[in-house]
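So that you can tell them apart, the chains are marked A, B, C, D, E and F in the order they are listed, and the count of residues begins at 1 in each.
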């Protein structure tokens, strides 16, 4: 079964993003929200990690990006921006939600 | 002026221990307590960081070590074990306390 | 209530005592054991410290809840997955953990180990196989 | 109250909005400005995100408190140290930060930058020079 | 689809309750069912009727209460977590000899079994925490 | 020596209040003065009189209250943080039209200036947080 993994903490402050990345399988999806959106920024150590995850879709919550002043152009290519409705759609589409709180 | 730097979070979970280590000067002291005591364990990536800090004294809170089942033999050589009274003494001895919460 | 049996995984990633998550997560496991679901626990990251042996909280004035893990077997909760990589990063081996057991009714109440050390990849597959994952 | 003037440093290490620490820290700075102390702020680790420009919280239903940083100059708080290494790790430059200024009474109200980018070592020395360090 | 929501943190300190609210609202607007919102750990603090946030800030508790009113949401505060943190309704006040209550009338206090039941009955459990 | 103590987290969820209590107790036993204990952020939750922790666990609020009683400690809960999180005394209840209070009588609600003053008047500020 494929999971939607959610990460809401900054990858610079906490281990949860790295831990999530270590436990995702092909076919699953990752949603970055709250302070987790910083993992979606180009030009940091996170970019390589995101790009090397094979067969995993990445999403980032637009409202949280905007709140933090991260413009869409700074988001890593291939990471899709969604709103809360998109978050709900992903939670419904994937078979379960795993929160890396 | 010399500071007592305190770290209360696990170095495996949060960035605060590393951040503290990047901001300590010779003559200062570091107290590890609460989940911060895990940074005082031998045989982890923290040991090298603690040992390479020149002219900095390291302390760990004994009651927090015991609570977590970390025996005194596992504590990195040179890290001194103190109790709450020792924590108070350090806070009084050094010129100020900097909490890396 | 539905008769469907689900696979429940409790994902434990926090150290004990510094925060209450480990203890209040265990309270959910105990209550949840009364429901007829298939339950397992995963100890990942600092979660492996939850089941370290020799915990003694007398000096910090907090309740030592670690004996409760030993009681899980009596509640028919005996699938405790511990991540190998998480142990190694912390300089721990399975000998540093409590010896947690359960008695297998189907094999004349033979005592068996509850803890299974699994690799990160195996744990990823265990997570993938669940219906519900609880995070605290 | 004592007449002694102390050096106060507010150590900001958290991102905004995910937690309230950044905002409630700023509330202390504003109240503290009424006291006659020498005040400076340090932005380290994720704290540098607090003063990122272009913050717009309309989509998350929270209050955008970032304009308050621009008001600090009026409160005579104009020593804002930003750690260079923290910026770099996050792929940021000083151009990604708000332009924060103050007016120097002693130089005919000349407008000056409040933000000073300093190295980690310089910040360690700044911390060492303080009488009181507030952490939130 | 049927969702269960779990919230582990109190209002204002962490964004968890805000994110959970936005998610729940979006799910309901899409026609999904929300079986229950379960407040655990410090999350019980979302259920107090005594908050007075600044005028220019959102009122997290009232916002939940209004959503519950509109959609007949079942909002449950964990009793064990509530006792540790001082969230009290009439029954709890009588049981533990407290001279006041603080639970908002749109919330109810109940046991952890309500979380398990929500996870059993719902198709998705979504957890918001620190 | 004169200490000021700042506590940023509520009871039970984080160890901050426990550690601060042990530190404060040890400091007082050594003959130091504690000028003030200031409860900020979720730390305001340490000041409620409505908690009922399990019988076999420590009672964090009462423990602080007893220490304050013995040593005449000044325990201040920040008003702005308290309003967001629903900590209320008689004055706050009247001002904000609340029908109940929950502040423990050994604590008092006051402004952030009390934290600054504590830092000015004390020789050491010690912060306990998450």
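Throughout what follows, a contact is a pair of C-beta atoms (placed from the backbone, for glycine too) under 8 Å apart; a residue touches a chain by one contact, two chains touch by 3 or more.
All figures in this text were calculated on a predicted structure; none of them were measured in a lab.
**Q** Using the touch definition up top, find the fewest steps from chain A to chain F.
**A** 2
**Q** Taking CA centroids for every chain, report which one is farthest away from chain E.
**A** Comparing chain centres, B lies farthest from chain E.
**Q** When I count C-beta pairs in contact, which pair ends up with more: A-E or B-C?
**A** Spelling it out, more C-beta pairs touch across B-C than across the other pair.
**Q** Report, in whole Å, the distance between the mean C-alpha point of chain A and the mean C-alpha point of chain D.
**A** 29
**Q** Where the CA atoms of chain C average out and where those of chain D average out, how many Å apart are those spots?
**A** Distance between chain centres: 43 Å.
**Q** Measuring centre to centre with CA averages, how many angstrom lie between chain B and chain F?
**A** About 26 Å separates the centre of chain B from that of chain F.
**Q** Which whole number of Å gives the spacing of the CA centres of chain C and chain F?
**A** Computed from C-alpha means, the inter-chain centre distance equals 35 Å.
**Q** For chain A, which residues are shared contacts with two or more other chains?
**A** 8-9, 12-13, 15, 34-35, 63, 83, 96-97, 99, 101
**Q** Two or more other chains in contact with one residue: find those residues in chain D.
**A** 17-20, 45, 60, 62, 132-133, 135-136
**Q** What residues in chain E touch two or more of the other chains?
**A** Only 8, 12-13, 15, 19, 22, 41, 54, 57, 80, 84, 125, 127, 129-130 qualify.
**Q** Return all touching chain pairs.
**A** Once each pair is checked, the touching ones are A-B, A-C, A-D, A-E, B-C, B-D, B-F, C-E, C-F, D-E, D-F, E-F.
**Q** Help me check something: in the complex, which residues belonging to chain E touch chain D?
**A** Contacts found on chain E: 12-15, 18-19, 21-22, 54, 56-58, 130.
**Q** State the interface residues of chain B toward chain F in the complex, per the touch definition above.
**A** Those in contact with chain F are residues 8-9, 33-35, 63, 83-85, 87-89, 91-92, 96-97, 99, 101.
**Q** Under the definition above, what is the set of chain E residues touching chain C in their complex?
**A** By the definition above, chain E touches chain C via 6, 8, 40-41, 80-81, 84, 111-113, 115-117, 119-121, 125, 127, 129.
**Q** What residues of chain D sit close enough to touch chain A in their complex?
**A** Its residues touching chain A are 14-19, 45-46, 49, 52-60, 62, 64, 66, 89-91, 96.
**Q** Give every residue of chain F touching chain E within the complex, in rising order.
**A** My answer: residues 10-13, 41-42, 45, 48-54, 57, 61, 80, 83-88, 92, 96, 98, 100-102.
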